[in-house]
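First up is the structure itself, then whatever we jot down about it.
Chain naming follows the written order as A, B, C and D, and within any one chain the residues start at number 1.
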Amino acid sequence: GHFGPYGGAFVPEILVPVLEELREAYAEAQADPAFDAEYRTLLREYVGRPTPLSFCDRLTDYYGGAKIYAKREDLCHTGAHKINNTIGQILLARRMGKTRIIAETGAGQHGVATATVCAKFGMDCIVFMGEEDMERQRLNVERMELMGAEVRPALSGSRTLKDATNEAIRDWVSNPDDTFYIIGSVVGPHPYPMMVRNFHRVIGDETRAQLREHEGRETPDAVVACVGGGSNAMGIFYPYIEDEAVRLIGVEAAGEGLNGRHAATLSKGTPGVLHGAMSYLLQDTGGQVEIAHSISAGLDYPGIGPEHSHLKDTGRVEYVSATDTEAMDGVRVLSEQEGIIPALETAHAMAPMQRLAREIGPDGIIVFNCSGRGDKDMQTIAKHR
Amino acid sequence: MSRLSDTLAACRAQGTPAMGLFTTNGFPHPDATVPVLHAIDDGGADFIELGMPFSDPLAEGLPIQRSSARALSHGVKMDDAFDTAASFRKGSDTPVLLMGYINPVLQYGIERFCTKAANAGVDGLILPDVPPEEATLLTEHAQAAGLDLVFLIAPNSSDARIQRVDELATGFVYAVSVTGLTGSRLDGRGAVQSYLKRARGLVTQNPLLVGFGIATHEDAQELSQHTDGFIVGSALIKEIEACWDDDTLSDADRYARIRQFAHALKHGDAVAAGSNPAE
Amino acid sequence: GHFGPYGGAFVPEILVPVLEELREAYAEAQADPAFDAEYRTLLREYVGRPTPLSFCDRLTDYYGGAKIYAKREDLCHTGAHKINNTIGQILLARRMGKTRIIAETGAGQHGVATATVCAKFGMDCIVFMGEEDMERQRLNVERMELMGAEVRPALSGSRTLKDATNEAIRDWVSNPDDTFYIIGSVVGPHPYPMMVRNFHRVIGDETRAQLREHEGRETPDAVVACVGGGSNAMGIFYPYIEDEAVRLIGVEAAGEGLNGRHAATLSKGTPGVLHGAMSYLLQDTGGQVEIAHSISAGLDYPGIGPEHSHLKDTGRVEYVSATDTEAMDGVRVLSEQEGIIPALETAHAMAPMQRLAREIGPDGIIVFNCSGRGDKDMQTIAKHR
Amino acid sequence: MSRLSDTLAACRAQGTPAMGLFTTNGFPHPDATVPVLHAIDDGGADFIELGMPFSDPLAEGLPIQRSSARALSHGVKMDDAFDTAASFRKGSDTPVLLMGYINPVLQYGIERFCTKAANAGVDGLILPDVPPEEATLLTEHAQAAGLDLVFLIAPNSSDARIQRVDELATGFVYAVSVTGLTGSRLDGRGAVQSYLKRARGLVTQNPLLVGFGIATHEDAQELSQHTDGFIVGSALIKEIEACWDDDTLSDADRYARIRQFAHALKHGDAVAAGSNPAE
């Protein structure tokens, strides 16, 4: 349950047996070919996998260096990679005989992905969402409710994702028997960070196969992904971890700048415990958790997955950051050059692209994870354009 | 034997359930915490849990969440908890445990934290988001500083786990009464009793105390049948909140009411010290 | 250029040589394996084809009859089938040396699909959109503009799709040399209805192959699709036209009811000429075109593709209609049962499902074309829910 | 030979370009159309195009679009066009062509339409969205009713196509001056002239008239160098619009101005009939 010094399961005693049950059930599921088969069938026939690896010819010309490919998670059902994980977890929930699903959500993407699989599997669904986020992301609330989910406002603290997560954990503590908590990123207590990563590694696995088809080689020179909690990044990085020659670059949200309000947990945080795991954390000197800021509600989280903390410390992954302005530039460039309007989260991955493309040069290859589409962000984008 | 163990042993010897009372440091106001502690001490608390406020108290119900947020809004820091404990200690020998989440402790530095706590007269620690599996980073330092380390069990803890917790815990084993948050309603009393009875049989090396959801003397009596005592938090917090939100009360009235509340919890009467607030 | 008595090219003389040039270029492209290869590569690697054929287990139970499959055009890049066609047409435009693209749009979906391929191909893009639609579909306007397109308000007539089409044709008449008009449905003068159908037949072709994989047979008992201009319906129907045993059902928008304001061209219209082709048309007795109404802006068109008119007259396709209320029910059912929030257009296809499922029975199979996703419609859906 | 052909032949014989003037039936108001027709007839129109309003006039620029919408807003129907033609015919022998889009004609019934038109004294038809390829549904009925069927050519028409149109057309061949809508600006005059010169050499069986974008006598003279005459629509429509939107004018003033406008188009002077509106 640890990645170097990070991870673990810092949870109330009530959840200890619940997590133990989950670990065992997940281990059994992993060993059961029928589980994997059903998971992969759903990914193929419901989610729309494999998602394409799109060669970005115009973006390549625009940056004038390495060939750039986009792994098109924006084409997944519900519009982002999130559903790879909710499909996996709901299969596990059903296997464990759970009938009631809870989830936390910030921008609403994981909430929508959870409400979606709950509708598809006929399960009760309660999504916790910060009251402020519910107002900012009204349409995602409507989407969840339309699919039969109940969206419960988190009224405490900053009334955003962090607090929605607290509320989800409180609900879980109160309903440990019938309830399965579908966590939306590679965060939370063990086994979640490992499990969520494993449900997303299909992104990287497909990328390898597709890149071989396109280029005759499975490994690009660099893989770039945005990092909030870090699930899309872990999904595409993980199958490349052992390939030391592949540069892995994670892009955090620098918000208004690293000296202002931001969400750059790895760049500016320090290790600590939040939501059940030890990891880097934005906190004050007294250990109180700080409120993160990003133009992208999906990166607006003061924590990060523990495996990322380990990958930072070991240096295997380079973590950089992109400001709100750089993210908006990324939206514009990808929209204008490739006709792909990315999610604001995804757009952060564009920030280091010019530098990388030139460093690597025209003989090299960069893959970036186009983790979600921008429809949900059009109001924000329109306001800042 | 620690001061906490001595106290609990004494209660046991007297045949009365020990009463632990929880309040949050800096709540309702930093200046009020020490007098509140003395009031509940006077009211009959056998030991005190002093909460260290945290921004994200994920095992707490609304009253303790609110108390934590209120304390933080006053700028309360970790050192203030040591000051509160030390100040209280000057006027009382009642054991004090610090209760809180691991992150502020980590940031303070565990060794430094344990030393400071012990120097301030603190007797033990309760960290609800640190189950035994994650406690290795603490145990050595706590032991070195002479601090008891209380662990929790819950209704869904297996027999084996309860025994294991009993082996690791010092001071006492904290039996969470319900699968829920602090301040949850106690329902299904039969199930609670049978769980406490089961725990009673398994916890052999430590006193067993029950907490969560106990709001009245009757609750306390009922749940203490199979335990060595009980702990009340949310109900006290709500009482403090009510007193301080009532502008018609003088501070003296407030402390008196808190003392009376503690007394009533323990003894079931509403008279005692409370009848003579000027005492 | 005709489908029975329908079709043709009723256009100003200026456009006659332009259409002749287009016919020739399209014929050459059809005969050129390289054209087809590039089209198919883009569909696969950019659009995300093949789209899944999703078995709807819960919907099947819900209706209690035939097995129901959804052809998931909602998973195409930009969120609807429309891009199959814009990819095809822009390849043709490039082949013809055209540098300026125009298009009409109603709800904005075809406009977005056109702006998308123009960005991807680096071409100038002007989208005509009724002034009233621009206000109703503000976010789609933002999407187009973000991708570099110019959205021009159509100020004439009803200021909706019909008038945007008039404006596009007027622009085309004024700029016949450098401009390629990407028409968004199986309407307009020859060769558009045929060409657009051919660019969308991939929907039905894939359905055949996927159904064989799922069920060991290429032909379902019924295929259902909504019909506005009729492109998604032609796309899925066409490969089944010769299979007489396959019932083909097109669902028009009955709006507030067939005796109120509606868009049920085949049910209530009469043959006439609009936008360059003879087809059924909503018109008054004097031959003035009437204003169509549907809750779904994409079905809100008083005309229909000429091939549909022919298929109605020959009886090969059954055309039925669904009211606004039935469409909203369809949104709800598909969202709650399958976790798929369909476009309001698509939701019309749910209306005949219960009757069909029971008529056909549990041994039979129904495929419906899930032509688009509902994100764009969330505000309308929320208002009517 | 039809009345239209006779008229155009007479103009040719006189060596003056024929002038066709377009206005929309029911515009600016149903009661005003016949007097407007007489005014332009008096002003010197050699033939008249009477527009049948349509909801979706996709080859028209804004002025004619507006006139069409204004006529429709008055509830103008197809039969009103026949009435207008018949009423005008009582007072004039000037040829009248009906101009409009095919759909209202289709709905009326083509045979019935042609018969009624002929009976109303109409001489020919111009349907800009019916190119020769789609005209088969019309030709027989038009011919039977003795109606000329005018077809259009455009700058991008090939030589072969111009010859084919010339073979199919009766009455005249209508050379669209620009690649654009009615009312478009005439630019690139050299190109227009060379196109008209080319058309002149290819159109041998019919008179050749030019239209679209002609707003002044000078435009008309210039473009008529290689044709048998010219047609003005949008400019006249704008003049009518201006007159009827000006509340200070009496109807008599208005008709006089229209007559004067027509006269000036043809002769280049602003005097003539216009100087004596009461005439």
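Here is the rule we go by: a residue touches a chain if its C-beta (ideal position, glycine included) is under 8 Å from a C-beta of that chain, and two chains touch if they have at least 3 such contacts.
Going by UniProt, the chains are B, D = Tryptophan synthase alpha chain.
Predicted model, so just to flag it, every value in this text is computed and none were measured.
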Cα centroid separation between chain A and chain C, in whole Å?
34
Roughly how far is chain C from chain D, centre to centre by C-alpha average, rounded to an integer in Å?
38
Go ahead and note the Å separation of the Cα centroids belonging to chain A and chain D.
67
Among chain A residues, those touching two or more other chains are none
Please classify the inter-chain touch graph. Allowed labels: line, ring, star, complete, other.
line
All chain pairs that touch each other:
A-B, A-C, C-D
Could you please specify the touching residues of chain C with respect to chain D in the complex?
8-14, 16-18, 156-157, 162-163, 166, 169-170, 173-177, 270-276, 281, 283, 285-289
Which positions of chain C touch chain A when the two form their complex?
44-48, 51-55, 58, 72, 74-77, 79, 115-120, 122, 138-139, 142-143, 146-148, 331-332, 335-341, 375-376, 378-379, 381-382, 385
Mind pulling up the chain D residues that touch chain C in the complex?
54-61, 65, 69, 72, 77-78, 101-108, 128-131, 133-134, 151-158, 161, 165, 176, 179-181, 184
